[in-house]
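Note that the chains are named A, B, C, D, E and F in the order they appear, and that numbering of residues resets to 1 at the start of each chain.
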C-alpha cells in the first residue's frame, strides 16, 4: 500500500473533481435549455389559443414520414413495369421509391448530393 | 497595380488560352461523335425500313435500358405512383428500376461479384 | 533448360507436397466433422422418434430464415403502429423488420449495435 | 498537492485562452450556423467548421505535429491526405461517379461556355496580384472562381497551403450563394428577348459515347496539360465506373462510402489549418471579397459568350445557360432554369444548362492544371 | 535436396512452436468462443481474438516490424492507427453518430449520476498502484471502469501500450458481463421501496437543443480539459452529423462503413499486440481482477448518488438509474430497466436510465482526459 | 512572354511524348475494351487499365515518387498499400466474407482436387526458369496458375514487383477466359461416360461446422506453413465474419465498402506500375504465354486426379469437377456445370464443383506461401 502516496490521492481528487465540475457545468447549461424550451412551448401554445384553432397538428412533422409510399403503390408500379416490359412481375424488383423533392431543403445540397439526382431524372 | 506585370498577363493568356484550346478540341471531337451517332441512327432506320417495319425503336437504348425499361415505362410508373400517393408526378423520383435477373450479362463477373450470388442461391 | 536444376525440382516437390499434405490434413479433419455431424443427426432423429413425433422438421433451420416475417406480419405491424401513433397507415413506411432479439444474442450487442436501436425507437 | 492542483488548473483551456482563440471559436460557430441553418454546402462546411473549432481549443493539440517520438494529433495525421494531394482527386472520383456528362455530349458547344466562365479565375488572379498577394496566393484565390471545392483545395494545398481554410470556406460559401450572386448579373447582361429563348430538345446520347467520353477526355486533356492528370483523370475514372456498366460495385462505393469518408477527413483537416495567426488577417477579408468577384466575373464571362452564341446561332441559344459554366454543379444550372422560367414560364433550360455546368468542372480543372504547371 | 527439405521443415510453425504459443492460441480460441457463442461484444472480441491467433502462429510474422528495407506484417501496419491515436477517436465519431443524447438533455440531472459512476476508475487506479503497477499502468487499468472500449484503448495506447490487449479484452468482456455484475450490487445498495419508484415522463427535446448540445459540450469540456478534445470532439462531431439534419450522408458513413472498417483494423491490431511474453503474466490476471472491481465500484458510485438524489428529490428519482452511469451503452440502461421491473412490473426505467448511460460516456472521456493530462 | 508560352508548350504531353508512351496508352485502351466490352474481370481490369493510362501520360506525374520535400503522385501513395502487402490480404478478407465453404465441408475429398489443380503453378514455374526467368520471377509467373488475383499480386509484389502489371493482367484475363480455356482440355482428358456421372446430393452442413472451419484452417495451415498466414488468415477471418452470425456489420463492410475501396486502390496502383520500359518487353509476352500454360496444366491436373477418383470411387465422382480446382471462383465451377450438362442434360455439377473451386483458393494460397518462404 506504500505505493499510494499524496500524488495518487491528488490524481483521484483532480480526476473525480474535474469529472464532477465539468458535468455539473453541463447540467446547469442544460437546465437553461429546459427553461428556454419551456418558455417557447408556452408561447406557441398561447399563439395557438389566440388563433382559436384546435392544436391538433404536431408542431414539427417527423422527418422520415415524408415518403408516403404504400404497398398499393408498389403493386401499381410493379404492374406497370411488368406490363410495359413484358416480363412477369416477379422478375422485377423496385430498388427504392423516394419523393423527388425534399422541399427547399435541397436548395443548397452540394455537388454530390445533386448531380446524381439530376442525372437520374434524365435517364 | 504595379504587381501586374508581363508575367501575370502571360499566365492569364496561357490560362484562358489552354482552357479554350482544350475545350474546343473536345468540342470538335464530340461533334464527330454526333455525326457518327447520327449516321448509325440513319443506318438503323434504313435497315428497319428495308425490312418493312415501322422505325419505332430508338436508335440506341439508353444505358440502363439494358434492363428493358423504356421512358414509357418510367412514365407509367410515375403516373401510377402519383395517382396512388396523391402527389404531382414531379414530386416523385424513381431511384432505380432493375430487372431481378442480370441474365447472361453476369457471365464474367469476377470472384466477388459471383461468390456471393451463388452462396446466396444456396442458402 | 539448363536453368532447371536440383533446386527447381526441390521447389516443385516441396510445393506440391506441402499443398497436398496440408489439404489432406484438412480433408481428414473434415471427415471427422462428417462423422460427428452424422452422429448428432442420428441422435436427434432417435430423440424425435422416441417422442413419437414425425421427424418432419429439418434438423437445422436455415440461418437467414430466422426472420420469418410474412406480409401478414407486416400488415399487422403497420396497423399497430398506425393505431398507436394516430397516423394513417399510408404515412408509415416500415424500413425493415428484423427480429429484435436473436435469442440471448442481442443481450450483449456492443455499444454501436444497440445505441442506434434504442435511439431509433425513440424518434 | 495544492501545487499539483494549481498546475492542473494552469493546464485548462480557460487559463491558456487568448482572445484570438475566442474569436476563432466564434467564427467556427458562425460557420456551423451557416452550414446547418442556412444550409451553405453543409457536407463540407460542417466538418470544416468543426475542425476549426477543435483546432482552436487552446492546448487541445488535435493539430499538433508529432515530435520527439510523441505522436501528433488526429487532424495532423488526417491532414497528410491533403498535403500529399490524395483526398481531392479521390473525392473528384466520387464526383465523376455522380456526374452525367450526357447533356454535354449531346450539345458539345456547351464546352465553350464552360471555358468562358473560367474568366473569373484569371480576373481574380490579376486583382489579387494588384492587392499584393504573391503569384501562388493569387492563383489560389483565383481558383475560387472555378466554383469547385476539390479543385480549389488541391491547387491551394500545392501552391499556398496557409490560405487553405479561407479559400475553402470562400469557395464553398459562394457555391451555396450562387442563387443570390448570379441572377442580378444575368439579368443585367441580357435582354428579356434573349432570356425567353426556348432551346431545341437535346439528342439521345448512346451508351458507347458515354463510355468513350471519359477515356477520351483523359487522354486529350492529359496530353495537352499533364498537370491536370490527377484531378481530371480521377474525375473521369469515376465517371467511367458509372457509365461502363460493369463496375457497379466500384461506382457505388466511389460515390458513397469512399467520398463520404474522405469528405469527413478533408473537411476537418482543412478546418484545422485555420489557426488564428493565419486566419485572422486582412488577407482573409481580401479573399472573401476577391472570391465574390471571381464568381461574378465567371458568371459574366459565361453569359457574355452566351450572348455571342445567341447572335451567331440566330437566336437559337439562350445566353442564360452561359452562367452555368462556372460549375457549382448543379446549383448554377438550376439558377439558369429559374431565371429563364421567370422570363418565359414555358422555358425549361435545366438540361441545356447542365452541359455548360459539367463543362465548367472540366474547365476549372484545366485552369488549375495551368496554374499548377506555371506556378507550382 | 534433402537439405532443402529439412530446412523447409525447420521453417514450419510446428517445429518452431513453443508451449507459450500453444497457450496463446488456446486463449484466442477461448476468446473466440466467448465472442461467438457467449456473445461477449462479438464485434470487438472476434477481431481481437483472431488478431491474437494470427500473431501467435510461430514465424507467421503478421506483426513483425519493417526492417532492413523488408516490409513489416499486415497488423504491424494496421497498428499504426492505434499508435498514432487515429482509430479510437474516429470510432468514437461513429458512436456519437449512433447516440441519442435526447434523454440526457431532457433530464440533465442524469449528468451527476454519469459523474458518480466514474468512481470505479479511480478506485481501481488506487488498487492497481497498491498492487505495484506504475502510475501509467494503474491509470490504464482504472479506465476499464469507464466501460468504454475506444476510451480505454485510446488512453492505454498513450500511457502503457504493453497492457493494451489485456485491458481491451477486460473492458469489452466486462461490458458484456454487465447484466451479471451489476444486479447484485444494485439490489444490495437499494431498498425495495426505492427500486419501485416510477419516474415522471421525460419532456420533448427540440431539434435545436440536440444540435446545440454537441457543439456546447465540445467547447465547454474542451476548454475545461483540453486533453479530452480528441475523444469528446470526435464523439460530438459524429453526434452533430446525426442531429443537424443536413449531413445525412456523413452520418450514415460514420456509423456504418467507417466505424466498421476501423473496428476490424483496431480489433485485429489490438489482438496482435498480445504476445506471450506480455500477455501470459501475473499482471494480466491482476488486470482481470481489478477490472471487475472497477466495474463494481462504478456501479456502486452511481447507485449511491442515485440514493442521495432519491432522498433530496423526495423520492422522485429511482436510484437504479445510477448504475447506468458506468456507460456500457446501452447494456447498463437495460439492466436498470430489468432490475426496476422486477421490483415493480409497471416500471419503465429504460429511457430514464439512458440519460446517465450516455452521460457516463462523456464522464469517462473526461476522466481519461484528466489521466492523460496528469500522467501522459 | 513568347518565352513563357514556348516553355509552356514544351511542358505539354504532346511534345514530351515518346512512341512507347503512345503504345502504352493504346495498350490501356485495349485493356479497357477487354474489361468493358468483353467483360474480362472488369472490376479489376478497368482500374488496372485506367491506372496504366494515367501513369503513361507523359509528365502526368501520377506515379512520381516524393522527392526534395515535394509530395509524390496520387498512385505513388496508393502503391504503398501493395508494397507493404496491405491490400491483398484485406481484399482476401472480403473474398472470404463472400465465400461459402459449405460445399467443401460437405464433400472434403474436394480438397484433393483443389490440391491437384495447383500443378499448373509449378509447371509454369519450371517453364519460366527454362525460358531464363530468375527464381523469383518464375515463381511469380507460376502463381498465375493459382487463378487468384490477390494471391498473385501479393506474391509478385514481394518477389518480383517489376512483373506486377503483366502478371496481374494475365491472371485476371485468364480468369475471365476460363470458359474458353478449360472445356477443350476437359473434353480431351475425359470420356463421355465419365462426364455423364451424376453425383450424390451433398449433406447439410451445420452452422457450427461452418464456424469452426475457418478457425481450424487458420491454425492448421498457419502451423504447417507460416508464410501463408497473411493471406489465409485474412481469408478465414472474413469467412468467420460471415459465418459466426454475430458480426454481420463487419461481414457486410468487409465484402462491400472495404473490398471495393481497396480494389480501386489496388487496381489503379498496379496499373500505374506498367511503365513502358518494364512492360513493353519480351518478358511480358512470355508471361502471357506461360500464364496460359499454367491455367491449362492446372485444369489438367485437376481433371486427371478427378479421373483417378472416378476410378477409385467406382464411378461415383465426375472428373469434370476437378477442373474447378484451379479456383477462379465461381467461373471454373460454372464451366464444370456447363460441360457436364452438355454430356448429360440432367446433370447438375455446380455445387459439387464449388467444393474443389473454393479448395483451389486455399490451395493456391498455400502454394504462394511455399514459394514466398523458399524464395522470398
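We take it that a contact is a pair of C-beta atoms (placed from the backbone, for glycine too) under 8 Å apart; a residue touches a chain by one contact, two chains touch by 3 or more.
For clarity, every value in this text was computed on a predicted model and none was experimentally measured.
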Shortest chain-hopping distance from chain B out to chain D: 1
Far-end chain from chain F, centres as C-alpha averages: A
More contacts between chains, A-E or B-F: A-E
Centroid-based (C-alpha) most distant chain relative to chain B: E
Intercentroid distance (Cα basis), chain E paired with chain C, Å: 27
Separation of chain A from chain C, taking each centre as the mean of its C-alpha atoms, in whole Å: 33
CA centroid of chain D to CA centroid of chain F, Å: 39
Chain D residues counted as touching two or more neighbouring chains: 4, 8, 39, 42-43, 224-225, 245, 249, 256-257, 370, 374
In chain B, residues with contacts to at least two other chains: 7, 14, 18, 62-63, 85, 112-113, 123
Residues of chain E that touch chain D when the two form their complex: 83-86, 89-90, 93, 211, 215, 218-219, 222-227, 229-230, 233-234, 237, 240-241, 244-247, 249-250, 252-254, 256-258, 370, 373-374
Partner chain D, residues of chain A touching it in the complex: 6-7, 9-10, 13-14, 18, 105, 107-116, 118-119, 122-123
Residue numbers on chain D that touch chain B, as the complex places them: 104-105, 108-109, 111-112, 114-115, 118-119, 121-122, 125-126, 129-130, 132, 135, 139, 203-210, 212-213, 216-217, 220-221, 224-225, 243, 245, 249, 359, 362-363, 366-367, 369-371, 374-375
For the chain B and chain D complex, residues of the former touching the latter: 1, 3-4, 7-8, 11-12, 14-16, 18-27, 29-31, 33-34, 37, 40, 58-63, 66, 112-113
Parts of chain F lying in touch with chain D, wherever the complex brings them together: 4, 8, 11-14, 16-17, 25, 29, 32, 35-36, 39, 42-43, 46-47, 50, 53-54, 57-62, 66, 71-74, 77-78, 256-257, 260-261, 263-264, 268
